[in-house]
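Chain naming follows the written order as A, B, C, D, E and F, and within any one chain the residues start at number 1.
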Amino acid sequence: MIETVIRKRIEILADTQLQKRVTAAIDKVGITGWTIVPVTSGKGREGPWREERVMGTDKVLVLTIAAEDKAMALAEDLAPMLTKYGFILSMWDVQVIRGERF
Amino acid sequence: MIETVIRKRIEILADTQLQKRVTAAIDKVGITGWTIVPVTSGKGREGPWREERVMGTDKVLVLTIAAEDKAMALAEDLAPMLTKYGFILSMWDVQVIRGERF
Amino acid sequence: MIETVIRKRIEILADTQLQKRVTAAIDKVGITGWTIVPVTSGKGREGPWREERVMGTDKVLVLTIAAEDKAMALAEDLAPMLTKYGFILSMWDVQVIRGERF
Amino acid sequence: MRVHLGCRSVRRKRAAVLKARYSGKPEQIYRNRFCFSCNSWIVKGAAMFETAIQTFTSPVVLFFVLGLLAAFARSDLAIPEAIAKAMSLYLMAAIGIKGGVAVAKSGIDATVISALGAGILAGFLLPFFAYAVLKTFGKLDRINSGAVAAHYGSISVVTFVTAVEILTGQAREPGGYMVAVMAAMEAPAILSGLLLARGLGSKDEGSQSTGEMFHEVFTNSSIVLLLGAFAIGMIGGPDGFAPVSPFFEAGFKGVLCIFLLDMGLIAARRMMDARAITWRLTSIAIFLPLVNGVFGTALGVGIGLDAGSAAALGVLCASASYIAVPAAMRLALPEADPGIYLTMSLSITFPFNVLINIGIISAFAVYLTGSGGVVP
Amino acid sequence: MRVHLGCRSVRRKRAAVLKARYSGKPEQIYRNRFCFSCNSWIVKGAAMFETAIQTFTSPVVLFFVLGLLAAFARSDLAIPEAIAKAMSLYLMAAIGIKGGVAVAKSGIDATVISALGAGILAGFLLPFFAYAVLKTFGKLDRINSGAVAAHYGSISVVTFVTAVEILTGQAREPGGYMVAVMAAMEAPAILSGLLLARGLGSKDEGSQSTGEMFHEVFTNSSIVLLLGAFAIGMIGGPDGFAPVSPFFEAGFKGVLCIFLLDMGLIAARRMMDARAITWRLTSIAIFLPLVNGVFGTALGVGIGLDAGSAAALGVLCASASYIAVPAAMRLALPEADPGIYLTMSLSITFPFNVLINIGIISAFAVYLTGSGGVVP
Amino acid sequence: MRVHLGCRSVRRKRAAVLKARYSGKPEQIYRNRFCFSCNSWIVKGAAMFETAIQTFTSPVVLFFVLGLLAAFARSDLAIPEAIAKAMSLYLMAAIGIKGGVAVAKSGIDATVISALGAGILAGFLLPFFAYAVLKTFGKLDRINSGAVAAHYGSISVVTFVTAVEILTGQAREPGGYMVAVMAAMEAPAILSGLLLARGLGSKDEGSQSTGEMFHEVFTNSSIVLLLGAFAIGMIGGPDGFAPVSPFFEAGFKGVLCIFLLDMGLIAARRMMDARAITWRLTSIAIFLPLVNGVFGTALGVGIGLDAGSAAALGVLCASASYIAVPAAMRLALPEADPGIYLTMSLSITFPFNVLINIGIISAFAVYLTGSGGVVP
């Protein structure tokens, strides 16, 4: 049987424009990497939006996998930005192979 | 330490054409928002498909985060559509910050 | 109350070029289907990349839902490729409706 | 009376047609041609055959073939989805605006009205014939027979556009009003198909879906852009069109080439993935466009259309929808199998029409109207 | 002195203008026209009215209207995002290179310098007036008033391009240097708006965001491409431009049509979703472009610009940013509500400018410079 | 014998070349020119220098420089991926079809055959030289040396296309068959590179990957479209090409501009991210294209090609693949580091070729063939 270890998977929905701030925070807490998943539209308290790159109001999903302590540090780091700009962060436990990478 | 609360994350793979029905159901059960993630191809019992917007047979992933009760109400609501059109719904627990939003 | 069953959700970040090998492995272990989610950029130990379809170095997220035994078989199958090409695999438990499909 | 396919006059004639097309007096070319290299008159049959064969010298068709071959060779060639979508919007806008400008020039007369009427009628009636064939010979159930029948009653825009290109290359450009006829033929077959699939009585919960479906059919992007551009063309007229014509006219054939390349890829890939298709269904997917094409052409000649417009009506009848109708069926008849209706219309009928049937229909129109030149 | 709107001479004149445009001597057309069908001189007022009405015969504007209508009819028509982005990059590159080539031909003189100066000054000052109106009549708070004011002081490239098309269609093409004026007017209003929103003292943590914001404003893709292409046009000159002109010139109007179709869809959809917009804000979104347009046109005529360039300056003052400034505000003033500033600038002011105000401004420029023909 | 770079005759001559290019008699321009402003003959050296410098007046190259600068200024300018993909497909189709039409006109003769042979041979042999340099001076291990060597033996389509544009601008258009030579040179170097990286014996598990890899190399979208369009061009000939030429010809240079803008952005961004690149590797990435370019040009002249075609062969040898070969290496040599081979070929060699080396190679071809005019 192949061996798996538990890591946190964190997904942050952020403005495309501010993507760099999120990934900078990921780099800062020492997580090894991240991946960007595009999103095309959505609806929240501020009403609906669509692919609005033309207006700079579109969003992306930043996905990163990390050990629990780093994940919590990241959440801590991002909390003010989440509130200020209305980002969404969710995280959960996942099994990964080659756990030493994360 | 930053505080997190548990919410359900629900992802529904649906026909692009029927996306509005899914999001209408989300609005109806009182969930605050949703986000659309594009998907480009796939394979199921009915064989493979690719980005086929030209033929209206493409799909999207509808992602929404909600408290457990609303999540279950949504699943209940969508069940007939899932069967009729062959949508896929999966959900799991996630930790979120600013839980009052969901 | 609608009934849900537990399945594994597996997500593999792989080179677009090698996507067919991953999906072939999925088919081989007898999982019913898979779905491709595009990703646009990322950063890892080998530095950052962007949408580089022009150079064939872009990636996709392969998503599949399966019963635990098949999921573990798939992970076993993919392990060498994960190491060789640096793919990332994560999996976790999700609730699904119509569990007989997976 | 020999057939002059191989003789050099054929090539010469093609050059003459091309020249005539660009200098604007296409009429007499096909009449009374005498072949000096083999010393005899070129006859109707030969003209028909040539007409059918010319299809394969068009770059538009060659790119379609390239797409088919690339997919069969399992090449990873693919047009990005956003580009395919954009090309299809471009083609809609371009043919809409060109049709509108043409009608602004020619005005709306009895021919236009009768062509519209004939098209709508054909749209309603063709599914009944198709349904009978599918149910008996094809051995499909009621639901699937109705769904497939709706596809064959409706139209394929790209088939139409390709036919217009080929007919124009033969100096038989259809009237601009045929664009309006095409738009009018999109929806009626859906009604007939639903009626056939569901029967008259059973309206089970369908009402919501059906209303939604018709909203979708009438506001889907193709139709809105086609009719909107048609209206813009009519309002602006030739003067208004002049400044945008470099964009909509000069690029048209090239975009169509790339679009057909993509259609070739999609059609062939779907064919290779097909599971649900029997030899019976394959035969029907070739039989229906043949019969419908002949019917439509005869109808067109019957109501007095010129050879080009009659052939265009024939192509509309022969073509099967693979955009609007599948979308409508997915909403209104989710029980029907897309593996059947998409594969038949897209992977069999569409290539058959583009590669062979347009040539046949155009030759038949020439035969019926006698515009192809006859031995004296 | 009667107004000749309905009389046939209007059409004839339009044809004459078109002809003149393509044969290159546009100057005398609007002067001293005598209408032979109703036997009287066409007067200034009539010329102005006609000028305003001509807007609606332009295919560019018709496509915008089509977009609005399609969205209101809840059609699913949509231009893929990648295509919209590409079209906007294309338009930037094309107007940049055209402007650069024009300046390479004409050189940089006092007119160019004073137009630049006037534009920058207007960019700084207009937000103060807008702020006062928004705060008092509009009842917005300080933050939102400042944010909206920044939008109205800055410019909208697409409004400018549309105006250039319409003015060129009236044989009043603005000078190529107006592209540089446009680029120069993008940023100043952002400074004024931030000053107004934040007050002079409070620099709370803003410093990082503000630096980041200005880097973004000056390196955002539109500005970089616009100025880069401008430089390429200046370096290459007419000779260097010749080989690429089929791409950048022939396609321009057509791409603009499709782009405005998309803008119509986006503007109308946002309008239907709008929640935060009161009738007061709606009025302001129409009042500000009117006043700013008149101010800018007068300023342009005052510093000695020709009718076309003065009208272009008026349009720049009248237009409200919906790309650069929203992006900047999101970074620097996240507390401001995008539902207010985007809806006002994109869904009200933009359509008002394209459909009505460009016509008014151009007529006003004709009135001020007397280039529209006066009764003798 | 003075060099006349600054003197006004240079500009006059450029205008003459441009004029001649459009009026179709380019041959004698570079011969025996006498400069009236400085009263002396313009010499070979000067002609060569000018040839090299002309590169920078081409809008195509200017857009590439703009891309580099924008990326270095950390602008967010980016071409959407779908558009970049579409542009690359468009360029493939366009050069394929143009080459095919050219060969349909000229026919296949001994020159074509020997050019093909020379290209394939060069593709096989160049990696051995590159490998030696990379292993010794570059201090790379066997795997990475082999992988990089494969890149330098293969070709870059965009470098080739840019060179064709520049050469055509100098009235030295390469023969249409060079497109076929380019296609033939894509794969051989991959074989040599793999042989070098793996050694002759060790075939460990590679077999599956290698088969898969070669299927991919021969069915990858670029090659399929290039050769397919080439075939279409040959079948259709000039007549068949006429209707689609507005699309494939008029837009070509403009699309190439925007594509090179994108390449500039990508190359510069990768350079800024590069970690694994030493000064030794940087030197090699400049040294190899120089040497290979000189070798290829001499080879071309040796087998009797005209100046333009010989220069094109030189450019093919000088260019390094950054599309087909990286994809193949990722499959067949996953242990090799893309950070090395992509950065070298894309971020150093590609800009060096476009900005400097094409000019050098073209001047060298002029020198060797004597087609650039010599003092009597």
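Descriptive notes on the structure:
The criterion applied here is as follows: a contact is a pair of C-beta atoms (placed from the backbone, for glycine too) under 8 Å apart; a residue touches a chain by one contact, two chains touch by 3 or more.
In UniProt terms, the chains line up like this: A, B, C = Nitrogen regulatory protein P-II.
No experiment lies behind these values; they were computed from the predicted model shown.
Fewest steps needed to get from chain C to chain E, stepping only to touching chains, is 2. Chains that touch both chain A and chain E: there are none.
In this assembly, D is the chain whose CA centroid lies farthest from the centroid of chain A. Of the two chain pairs examined here, C-F and B-C, the one linked by more C-beta pairs in contact is B-C. Chain B and chain F have Cα centroids lying 49 Å from one another. One simple way to say how far apart two chains are is to compare their mean CA positions; for chain C and chain D this gives 41 Å. Work out the mean CA point of chain A and of chain B, and you get 19 Å between them. With touch defined as above, residues shared between interfaces to two or more other chains in chain C number as follows: 37-38, 40, 92. Across the assembly, chain D contributes residues 80-83, 85, 216, 250-251 that each touch 2 or more other chains. Chains touching one another form the pairs A-B, A-C, A-E, B-C, B-D, C-F, D-E, D-F, E-F.
Residues 15, 17-18, 40, 46-48, 50-57, 84-85 of chain B are the ones that touch chain D when the two sit in their complex. Taken in their complex, chain E has these residues touching chain F: 80-83, 85-86, 89-90, 93, 97, 215-216, 219-221, 224-225, 228-229, 231-232, 235-236, 239-244, 246-248, 250-251.
Residues of chain F that touch chain E in their complex: 14-15, 18, 57-59, 62-63, 66, 69-70, 73-83, 169, 250-255, 257-258. By the touch criterion stated above, chain C contacts chain B in their complex at residues 1-2, 4, 7, 9, 23, 27, 32-38, 60, 65, 92-98, 101.
By the touch rule above, chain F contacts chain C in their complex via residues 81, 84-85, 88, 216, 266, 269, 273, 275, 322-323, 326-327, 330-331, 334, 337-339, 342, 346.
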